[in-house]
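One structure follows; several queries about it will come next.
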Amino acid sequence: MSQEMLYCAAGIALFGIGMFGVIVATHIIRKLIAVNIMGIAVFMVLLATARHGAVTDPIPHAMVLTGIVVAVAGTALCLWLALQIRLLGRGTKGEPPR
Amino acid sequence: MFLKLEFKENQATSGELSTTTRVLLAIAIVALGTSLIYAILSAGKAPPDLAAQVAEKLDLSGVGNPVTAVLLNFRSYDTLLEVAVLLVVAVAIMPPRLSSSAGKRFLFVNDTHNPHVPDPILLNLLKWLVPLAILLGGYLLWTGAYSPGGAFQAAAVIAGAGVALSLGGRHKFAWEISGVRLASSLGLLVFVTVAATNAFITGTTLQYPIDHASTLILLVETFTTVSIATILLLLFAQLKSLADPPGEMHQ
Amino acid sequence: MTLNKLLPLLIVLSALLPGLLIFCTGEQRLWLRRILNLGGNLSCLTLIALLLHGVYNSEVFETRLPLLPGMDLVLHADALSLLFVTLSGLLWFLTTLYAIGYLEATQNRSRFFGFFSLCVAATLGIALAGNLITFLIFYELLTLTTYPLVVHKGNAASLRAGRIYLTYTMTGGALLLAGVVWLKALAGPLDFTATGILAGMPHLDPGHLKVIFALIITGLGVKAALVPLHGWLPAAMAAPAPVSALLHAVAVVKAGAFGIIRVVYDVYGIEFARDLGLTIVLAGIAAFTIVYGSVRALFQDDLKRRLAFSTVSQVSYIALGTAIAGPIATIGGMVHLVHQGLMKITLFFCAGNLAETLGIHKVSEMNGVGRRMPLTMSAFTIAALGMIGLPPVAGFVSKWYLGAGALEVEAYWVLIILAASSVLNALYFLPVLHAAWFRPPNPTWVPKQSVMETPWLLLIPPVMTAALALATGVFAGVFSSPLSWAELIAAREYGQKLVHTIDLAAISLPQLGWLVITPLLLAVGLLIPSARRLCISIAPWAALPALLAALLSSPTSNTLPGVFFGSVLKLDQTSQVVLLLAASLWLITGVYGKGYLADHKHLRRYTLCYLLCMAGSFGLTLSQDLFGFISFFTLMSFAAYGLVVHSGTPEAMRAGKTYMQWVIIGEVLLFAALLGLSTSGGGNTLGDIEIGAQPLWVSWLLILGFGIKAGLLATHFWLPRAHPVAPVPASAILSGLMVKAGLIGWWRFLPLGEVSLVDAGLTLLSLGMCGAILAVIVGLTQNNPKTLLAYSTISQMGILASGVGAGLVEPKLWPALSSALLLYAVHHGLSKAALFLSVGLTPTSVDKPGLSGLFWGIILIPVLAMIGLPFTSGALAKTALKMSVAETTTLLQLLPLATIGTTLLMLRFVDLLRQTNRPATTISSGDRLQYLGYVILVLLVISVTYWIPQAEIFIEHTFSYSAVSNSLMLPAAGVLIFLVIRNYLAQTKPVPAGDAIVIIEKFCDRLKKAADNLQGSFKIDMNFPGKSVGRISTMLPGTRLEQRLLLQCQPGVVFIAIFVCLAFMIAFN
Amino acid sequence: MIIESMMDTLLAGGVILLACLSLSARQVFTSIVLYVCLGLLATLIWVRLNAWDVAIAEAAIGAGLTGALLLAAWRQLCFEPSDQTRESNGVS
Amino acid sequence: MIPLGSVNIVLPLLVGIPLLAAIATTVVDSRRWRAGISVTFASLQLLLIVLWLVTLQHTGADAAYRYVLGGWNSPLGINLVADGLAKVLLLITAVLVLVLSIYSAIYFTDPAKTTRFWPLWWLLVTGLNAAFIGADAFNIYVALEMIGLAAVALVGLAGTRTALTAALRYALVGLLGSLCYLLGVSLLYRTYGTLDLAQLATETQADPMTAASLCLISIGLLLKTALLPLHFWLPPAHASAPAPVSAALSALVVKVSFYLLMRFWLDVLTPATTELAMNLLGILGAGAIFWGCIAAFRAQRLKLVVAYSTVAQLGYMFLLFPLVAASHSPSSITGAAAAAVVYFIVAHALAKAAMFLAAGNIQMFNNHDTVDKLQGLARTQPLAVLTFAIAGVSLIGLPPSGGFIAKWLLLNVAIGNGVWWWAIVVLGGGLLAAAYIGRVLHVAFSHPVAQTIDTDNANAARHPPGGMVLCALALAACSILLGFNAEWILNLLDASVEPPIPGVGGMQ
């Protein structure tokens, strides 16, 4: 198995793990970690693809760079929302947030 | 999947699904993944990818680093939208109120009320680290044109410095909010302006005139770096200090 | 664009724009609103006048706006649309006047008048629509604009009405849409053309066209209130009076009716539709609607509801006229569009006036109202008389044309419908008029305030419409009357000149039909309060025509082409005998019943059922076609339910339930059987069907289906329950006559004498024989003489069934056997009826020995006949049977056994009768009637079998020595056995009536309980979240069911599942 | 070559292992830490894949900043703020 | 090189204008200014698009436009393309953006909210436009993320716990969906070495890799489109967002991912699709119609009714796939089925936006939107009820309305291709829709019960300003007007909706 294939396969495995995590985990931070793992998985496939040909292809690199920033942005937004919910939850001792 | 969202610390890693369901789920995912891997393995020879084209056109791009060329010239539209994505999150998270008592300091004020005594070693370290990080950021920005590095990396390093400063305990964030708004949208503004100017000069949006390409790209990169660094720092700051009652954030 | 191109659009806009403007006017700007309203009205009328002039001179008016590629919005004015446009415009004007008066000082008037105008705009659009798509658009628009009007009051009733209205019309709209799209896909743009679009497209599949027609007509039928779809109309009464007036007279129902005209004439083309066989169905539905609506109207006390059902009935005249498919009927239908509009709007205006001025909502409150409000009630009277169809009011013209049109195309049944409808109309309108004019007025009413009985705005419109209704009737022949227009239209639709003269002499009502119709007419008469007493008193004589026919008529045959796909009534030798039996039994039980049930509470109900049963039994005796037979059979079976449960006791109710269960099972079996017969035999009448060619399963179904009625063993369970609980005369009929219906069924439909069906025949034979014997055993244990008689019936019917079975096995036996069976059936019918009747007799005067002896004498005669002592009808019947089954030895050997059994049963019966102590009273007149009936019956028992032509060949044998000795020895043996077991019988506990079914019922009960328990544990919480006002689910605001689904089946899992599915399906390439 | 491919295999396996561990860790904090480790390991892989730009970005943003964000949020989410910190009006 | 004056410059401007508006509203500090800028930019955008389309009509230029960004041709650079489909969607977006901007300018009064709302709003619009004209698979990913995050942030703007929870759930769903999409795209890149959709369309074959990427892309987009079993996130998010946001979400945002699905299934990756899978989508769509309607009928809150109605209406759109599968038409993305669905999208967008705005007005007036407590609304808020009813008419598909034309086209395709069962679904769905609309109207028309005046509510309740009412009514009126002439939009689509030749197509 070539290096590129190996990382491709590993990427897909990671993707599966991440997806499982997203579905199964309940804690918001774990879910987000899982999402980020899925992101890393996709990046891995992309970067492995970049090594597909003879020369390293810069376009997947650019894509991954963009992807990383987007992932951080998404994570931050989710965390912020979770914090907001938590803040509101402190005020009202009621049903647990779902 | 998303019905139960927990925020408090809990021990269980998987609260809502029964073991059977989880096992079935795992089987399904493994099956999907296996077939995907099979599909990849069974794929034929490598397609003609774009590496050659990039190499060919690199000279026309105004930068030497192919990744930067792709990011800021060939596919600069993606980058433009990406900065906009960051702006989305920045705006979403941005504290709504103006900080009236912040003394018009842009980013940090000395946090004299902090009862925790900061670690002096850390403080000393920070004294060196922060300027160094900013310097490193500038270097990365500059060198991005020819070797690995660029706006994102530079911004990340600078933001990292800010994070470290805030973790040091002596300083806390104090946003002059209209300044932050300006800073976070500055990169985008410059980007759009350059794109529009390009349209006037070359007739095509985002097409750099070959002679000025490197200059313009550096310009865009610089302002983008400022914006991204601000936004990243803002994200951290907001997540870190959100628990403060809104009105008392800055005294 | 010239005026010709704009005018149709302008007409629609003349209603639409005022509507939109009115929305914007403030609530209090009375005069602005009035000016807008009336300005719109008048401009609309002016434009219509222009249009009328143009169309009469054959100018073309058409507005065409592009809508979709190949699909335009077309407004087109032709003669037909003008008829409707003129009506709408005119009535809009009057209704607006009325509404201004009616709604004075109420809330939300801007909304009301706005929607009112929009509604009229939609109606005008419907009228002017030049193709089906445009029609559809305005049709739906009408639905929407009328909804706010219906719910205008905002109270619970009107909201409910609105909901019902929407439900109906939306469903109808969806069906219509489906039909239109489909048709469009088949036939392209659907511009209305005078002789039909589809007629010119012979390549289309007629099957599709039929389905499309059904879809479209159902869709339109909702608004036209064709019967199963009419439910919204009575509910919509909750709307304010002007709305009801507009809804009923112009906008909604007429839109539906108009649509039907359009579709039949201009889309399908009348001749094409007739060739497809579509019109006859529509006509049937319309006819039914007419009758149904009228009947329902009879029972309404609420005036507006009565009028609503009247609308249901009357609007279908239009559909009927359309569907009869003759030019004259077309004229009738179209002219009724206008006439009904005028008359009905008058009625509603008047009803509104009554409600508004005096607070009268119910018919029962209308006593003497004519004196208080003479003008209103005069208008009401004119309109009501017009509805009934009295000349010279408008309604007469339409009815006349409808009738004439029906005759023209030889649809005689329409006449009956029209007649019935007229009678019914009279029945529900005349009492109102009677009360209004002839009863003393209610003193608590508000006295007249001024000269006017009510505000003038409320008074003028009804008076005007009434005058118009009268005028259109009187001056129907005048140029530009609605009638002339309708003639113009019809001429254009048929593309021909019209023939007005019809040879009325050529029409004759089929005479045999009268046998059936007489009891039916009396039954209808029972519904009329005033005629009730008379009808009840002459009810028994309804059988007289049948009796006369049976005695005097020569065998004839009549065909009624319009009924049941071509019904045939035929009187031949066999049916003459059965008819004789039936008629005499009905007459006698009727007379007897008059005595037996005198002063009974539910006499009317009883008589009704009695008459319906009678009609059914005559009908099935005469019917020679499948549908006629099954219909009359059903009528009889269902009506008999009323007889069974008449007494209302728990046993009666239980017996009725069992009876109904088995009737339904029987109906289902028979339906399947006759369907099979019809498909395999290639026809509907017995003349056409090859009975011998029927598949085996049909024979089995027939045996079972009719076996239920005939009390065949294993299907007999209802019989011993139902027969005893009915009143005595009804029991007599049930046992004497109705069970024979099963026999007649076998006779008609089994391939007797043609094909040998050994299996089926033997089964029938053995079931019959076993039944004959087992019923004796069970019967002997009974304490109740009527139950015993019921078992005796089972036993006797078993013998008959086994005879039929023998005939089925050996076809060559059948000619002789059929006579014998007929004889046996008549014998049994008469004797069993007599036995039942004897149970109800009062033994008078124990103190007078002579009379007592006489009493027991006449009671014993049917007993002896049953046993078959020499020279009785029983002896004749049994000898005949024995002779004709000579070759089937098994049957021959069992017959003596049956005779002994019968003897035992009869002896036990006499025993029971003697034990029953009844108080001796003086003979009342009722008793005299009973005795009269009974004695006549006994005389018939003695004599009838000897008159029957079929009996001739057997009579000699009956008097032979062997026969006589046989018929003496067997009963003698029976007497001996009875003497032995008599004491034992007296102590035996009776087998519960219905024998085996009791066990089954117990089992079923247990099963049901078990099922209930089971259900309890799986009970699903079907709480309706909409009801719980207080609880607002905030966290996951889905429905509860969804929450449950999601909590149990996580979205993540669903996600993966869908993923896997999708992957699988894509990989499946 | 062999060493290189062994290294690749190790890295790939390590990443998968860390992912599993991170998601199955009992404590959220452990999860976060493991995730940061995963990010760093991924950085190594990017280097192996000759993607230096990405590696820098991943180290700074993917592992570093995301980790910091997660940790900051974790502190806020999983601990009820005590009165003391409230009064002091600071966030430690 | 294309001269600047060419009409093509419109394509980048469609991204540039909202982006500039976003920057401007971020920087500017006054509420009034922000609103003013927004309305100006929205008008500008609409004007631009209308002028552009009119010019195109006149010059009769070719159907699909390509704009080569940066002068780099497609495999290397990114192109923008606007075909008929995109043009229609851009137009409807611009119209809605203008109306919703005006509405929002009145709706949002709290400065703290306007600071966030306007930039997010414009970034959302940027994303929408970018997604519609994007011709590059990865670029579309970025646009999708932008739309997703902006939409999440906008939902969260309502600030209630429900809204925030819904937003969080929505965000997670969005991320998951985007990542699936991205993996699919990277596999495509791996296989074909290009990200340009048009190039992909010419090169794709039915091999396992393509199938795998189709599968990944589809599942990601399905999740974002909220097809039936994956719809769980939609009702809470759409129901709890502020009114204009709800309107935009239901009218536009879910349409983006559907549009992409259409693109990928009918145009780009067609060889890999199977009839079976298309029918699966159709069946799920039918399920969505029925479930959505039932749930809408049972929902307790008005906005939830509308949100579930979106679920149902999305189901209709998925009928596209089986209809295409049944028609075996070679150019399925411009075929009659696609035209019907696009018309449906437009009609639904207008009607649903109007409905959400009406619901927002009602909520503002009553300070609650519990359906069962809305008695007498027809009297107090007649225009809102009228708007709701008119929009309902379009949703039910009654003539004359855009919804009617859309359903007509759908039925035409279904019956014309002999797949009458889909016709039954369409009609049945209409009836069910009538049920839930009718329920609301029923309550609205009923007499107000003797209300114990809820003091909390009474204080907070206020009459919605006239502008808001008019905005809603204008949209509703548009949805009706759409029913009067369908040709214009269909011409824009360059689609052939000619019905089958009479008597030949049909269900023979």
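We just call them A, B, C, D and E in the order they show up, numbering each chain from 1.
The criterion applied here is as follows: a contact is a pair of C-beta atoms (placed from the backbone, for glycine too) under 8 Å apart; a residue touches a chain by one contact, two chains touch by 3 or more.
Predicted model only: the values in this text are computed from it and were never measured.
Note on connectivity: the fewest steps through touching chains from subunit D to subunit E is 2. Note on connectivity: the fewest chain-to-chain touch steps from subunit A to subunit D number 1.
Among the remaining chains, the Cα-based centre furthest from that of subunit A is the centre of C.
Nearest to the overall CA centre, using the mean of each chain's CA atoms, is chain E. In this structure, the chain pairs B-C and C-E differ in their number of contacting C-beta pairs, and the larger number is found at C-E. Separating the centre of subunit B from that of subunit D, both taken as means of CA atoms, is a distance of 16 Å. Inter-chain spacing, taken between the CA centroids of subunit C and subunit D, is 80 Å. Work out the mean CA point of subunit A and of subunit C, and you get 71 Å between them.
Those residues of subunit C in touch with two or more other chains are numbered 1035-1036, 1046, 1050-1053, 1055-1057, 1059, 1063, 1067.
Multi-chain contact residues of subunit A (touching two or more other chains) are listed as 8-9, 13, 15, 18-20, 22-25, 27-28, 30-31, 49-50, 52, 56, 59, 61, 63, 65-66, 68-70, 72-74, 76-77, 79, 82-86, 89, 97-98.
Among the residues of subunit E, those in touch with two or more other chains are 76, 138, 142, 145, 149, 152-153, 156, 161, 165, 168, 172, 176, 187, 190, 208, 211-212, 232-233. Chain pairs that touch one another are A-B, A-C, A-D, A-E, B-C, B-D, B-E, C-E. By the touch criterion given at the top, residues 3, 6-7, 9-10, 13-14, 17-18, 20-21, 25, 27-30, 32-34, 36-37, 40, 43-44, 47-48, 50-51, 56, 61, 64-65, 68-69, 71-72, 75-76, 79, 82-83, 86, 90 of subunit A touch subunit D in their complex. Residue ranges of subunit A in contact with subunit B, taken from their complex: 5, 8-9, 12-13, 15-16, 19-20, 22-28, 30-31, 49-50, 52-59, 61-63, 65-66, 68-70, 72-74, 76-77, 79-80, 82-87, 89, 96-98. Contact residues of subunit B toward subunit C in the complex are 1-3, 16-17, 21, 24-25, 28-29, 31-32, 35.
Contact residues on subunit C toward subunit E in their complex (touch as defined above): 65-70, 73, 107-108, 111, 136-138, 140-141, 143-144, 147-148, 151, 154-156, 159, 162-163, 166-167, 170-171, 173-175, 177-178, 181-182, 184-188, 201, 203-205, 208, 1024-1029, 1031-1039, 1042, 1046, 1051, 1054-1055, 1057-1059, 1061-1063, 1065-1069.
Against subunit B, the residues of subunit E that register as touching in their complex are 1-4, 9, 12, 15-16, 19-20, 22-23, 26-27, 29, 67-72, 75-78, 111-113, 115-116, 119-120, 123, 126-127, 130, 136, 138-139, 142-143, 145-146, 149-150, 152-153, 156, 165, 168-169, 172-173, 187, 190-194, 207-209, 211-212, 232-233.
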